[in-house]
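Order as written gives the chain letters A, B, C and D; numbering starts at 1 within each chain.
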Amino acid sequence: MSGTESKVEFTISEMVESAAGKEPMRKSTRIFEQYLQPCLAELYGTTLFVFVGCASVMGNIGAFGVIQPAIAHGLALAVLIMLFGKISGGHFNPVVSVSVYLCGGMKLALLLPYILAQMLGSVLGAALTMGVFPDITYNAASGGSFVLPLTADLAKITLAETIMTLFLTLVVCMGAINKKTSTSLVAFCIGLTVSANILAGGGLSGACMNPARAFGPAAIANQWSAHWVFWVGPLCGALINVTLVRLLLGDQITRVWLK
Amino acid sequence: MSGTESKVEFTISEMVESAAGKEPMRKSTRIFEQYLQPCLAELYGTTLFVFVGCASVMGNIGAFGVIQPAIAHGLALAVLIMLFGKISGGHFNPVVSVSVYLCGGMKLALLLPYILAQMLGSVLGAALTMGVFPDITYNAASGGSFVLPLTADLAKITLAETIMTLFLTLVVCMGAINKKTSTSLVAFCIGLTVSANILAGGGLSGACMNPARAFGPAAIANQWSAHWVFWVGPLCGALINVTLVRLLLGDQITRVWLK
Amino acid sequence: MSGTESKVEFTISEMVESAAGKEPMRKSTRIFEQYLQPCLAELYGTTLFVFVGCASVMGNIGAFGVIQPAIAHGLALAVLIMLFGKISGGHFNPVVSVSVYLCGGMKLALLLPYILAQMLGSVLGAALTMGVFPDITYNAASGGSFVLPLTADLAKITLAETIMTLFLTLVVCMGAINKKTSTSLVAFCIGLTVSANILAGGGLSGACMNPARAFGPAAIANQWSAHWVFWVGPLCGALINVTLVRLLLGDQITRVWLK
Amino acid sequence: MSGTESKVEFTISEMVESAAGKEPMRKSTRIFEQYLQPCLAELYGTTLFVFVGCASVMGNIGAFGVIQPAIAHGLALAVLIMLFGKISGGHFNPVVSVSVYLCGGMKLALLLPYILAQMLGSVLGAALTMGVFPDITYNAASGGSFVLPLTADLAKITLAETIMTLFLTLVVCMGAINKKTSTSLVAFCIGLTVSANILAGGGLSGACMNPARAFGPAAIANQWSAHWVFWVGPLCGALINVTLVRLLLGDQITRVWLK
């Protein structure tokens, strides 16, 4: 695949019209394909991602280490980005959407709808998890929500989430938007980064990196303790990353100076 | 690979003639390549898939978690789809064949032969597993068939199979048939989705998602308890997915409205 | 990569001359690149593969399951085929060389040199393993050689090796030689098939599938009990596979009838 | 991707100007993109790699085997090489830089700056690990530094590091620089080789293969026992590999004789 093709993975604007081919697309179709279908893809993809993620946490109860949830989250995310990348960009994560917007990869008009779709999708995914698991398993895993030990140092946990999200959003911005380094394998790069991060910090902070992934299970299990950590940490990581990419790591188009 | 090439992964109709090149293919050759060889590929592929799958369950007896069978099923399936994709589409699963047919990716005339080939292949694979393992191991794993605990809530198990198959058939239809989102890496996407789903729901329902995978070991081990779950759940998942793809997620060609 | 490129992965004949470019290659260079370098690649690749393989078995002593050796063997093999594929084909396995020859993918003159190089490479790899591990670890794992329990039914073990090698050589012949189904990702397909097979049958027969992999550690550890199983089983698998590919699964060029 | 594209993965010289397009690049921009940005990429990439690596070691405390750190190191490295390959080559390892230089893949002027950037990045990554983990976990894992048992035979450990680095730098030189065997998937090949090597020798020597990876955590945890092993072993491996590639394994351009 060409660099151009991989660049559009995370953008959605022009694609639709070119797909329509020779004859102009009807207005209802264009609105559907440019606004509604991307939001549906974000909602549906987040539902499946959160379902698999929470279920893999339940399947891991009593196990040593975090290999099972690490691989499950990473593979499910990679596949979903591969599938929905050309429809919505395949974000499934509010701070990824913020990063893509700030790096110039999506329209502002879609930012809020995407975030709402991701949060709703996460609630649905978490509800489905509750629907299929026996209560005893569901409760033992707090529904797949992020529960920190009482002794946890929240500053350290927030910093861990910041660093891991920095890595994740670096892969998104450099692999999908920054032309010089973009790759057609970006979906696998993102999924495998999530796997690596969970293998690294899963036992510490849960390696959430995604406020939507935290929100749904928290809402269904009504477990809000230290929930802010999973918004503040990832958001800080995304903002630091955008600053680094825009100032230092981006190519001449992405960079805001030294053109 | 081009989008066109990846699209044909799950279709088999025109390929054969183009492969024949300039001179017209003899009738016996055409019938062999269009009807018999695809069915043989489905039979043989399902045999190898079920053999590896059941054997990995036996190798996992006494282990914690489901990582070993999850990776074994996923990798074997990915490789077999990669190999046989251009011959038969590489379904190895009746509800995948139903999904591909309903999304317009294969001829009706092949649907029943495919399903019979898959079921026969599964019986052969399960018989080979019985042939190579000591009786004590074979019996301890019920021959790799799906055995639910007596306390299992069959409605929940069926729902779990429905959701996981929804994900699997989504990857098939969007990655192989829907032109806008099809990818040459669809074989790996499907295999890795199976791995992710087993890591998520393997400890709950077995994460079968495939009536043929359930049928063969059940027949050889004569273990039919709750066998219907692994037909009803996956079939529901496939039908819901086709509805979503045809109505909402597909491109202008796949979608039945808003053209 | 084009289908043509991937086809040559396992053939070595014409490549060399085209790489030589415009001016004709000197005779000494041609002999080096067509005969000596491929044998060196087989020798060196098998050394590294057997070293990593045997070491991963030692690292797994006391562990439950075979995940660690399964992933180590598969990844090392995939990478080595990717690297040396365009030099020697990347066989590292006598029955793979036999399969490739019988499917028309290599010259007869190289068959015996390849097999000798693979066996010598395996001895070197096993010797290096003995060189780096403490005696107590080395002995506990019998140097990474295949040791069957005294109660093992050798007929069943041989059958298991036959079936698993059938799968492995199917991937080789269909993914690298049979034009219709060849793929540029064949190196990963082969490596991942080895991983899947070890996850399936590693606890039963060791999932050797490779007489050279068995020979080196056996020679260094002087452990020859039931060694013939790892020659007879894989060879039977390779021969059955060639028969199936040549008669039923191959395309019009590979197939010997119904042209 | 073409062979040309993949070749430049590990070189950085001409790229920049071609990226600048039609109009000539300003001098400050050229210096930034050719010298400063590559060093920043090496520094930042090594920071993230060492952070994930050390954290995965801490997450593995008490576990059996080395699967968790093996997969974490390999995936993080593969993704970072994929992202930064077109900026700096994506070395993140002094002996990789030495290998690339000796095989003709980078300018001498960048060698020392790269190595300093990698060592500084490693210190930063190790410091971040100390920052996020509780002291008790950090100390139990010696900060992710390489601690050998008192009974370890340092000659054997050094030999093990030599062999594993031989494999790693072989993949780098053959997959990224040697034209005949270079591949666009070299980033994954390198990452997966690191995973395979850790699965093989992680329990023996730690499977470091990278003096920078050893240096940072050693500096932060002030743990210098046998530190020289992780410089001498990898450097020997890199030098032996360059000799083999230049004399025997390389193509007509890479090889220094038999042209």
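Quick note on the criterion: a contact is a pair of C-beta atoms (placed from the backbone, for glycine too) under 8 Å apart; a residue touches a chain by one contact, two chains touch by 3 or more.
Fair warning: this is a prediction, and the values are worked out from it, not measured in the lab.
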*Report same or different for the chain B and chain C interface, where same means the shared residue numbers exceed half of all residue numbers found there.*
different
*Working from the CA atoms, figure out how many degrees chain C turns to land on chain D, in steps of 5.*
90
*Considering only mean CA positions as chain centres, point out the chain farthest from chain A.*
C
*Report, in whole Å, the distance between the mean C-alpha point of chain A and the mean C-alpha point of chain B.*
28
*chain A and chain C, separation of their C-alpha mean positions in angstrom*: 39
*Multi-partner residues of chain A (each touching 2 or more other chains)*: 64, 67, 71
*Tell me, which pairs of chains are in touch?*
A-B, A-D, B-C, C-D
*Report the residues of chain B in contact with chain C in the complex, numbered from low to high.*
19-20, 26, 28-29, 32-33, 37, 40-41, 44, 48, 51-53, 55-56, 58-60, 62-64, 67-69, 71-72, 75-76, 78-79, 82-87, 128, 131-134, 137
*Name, in rising order, each residue of chain C that touches chain B in their complex.*
64-67, 70-71, 74, 153, 156-157, 159-160, 163, 166-167, 170-171, 174-175, 180-181, 183, 185, 189, 192-193, 195-197, 199-205, 244, 248-249, 251-252, 258-259
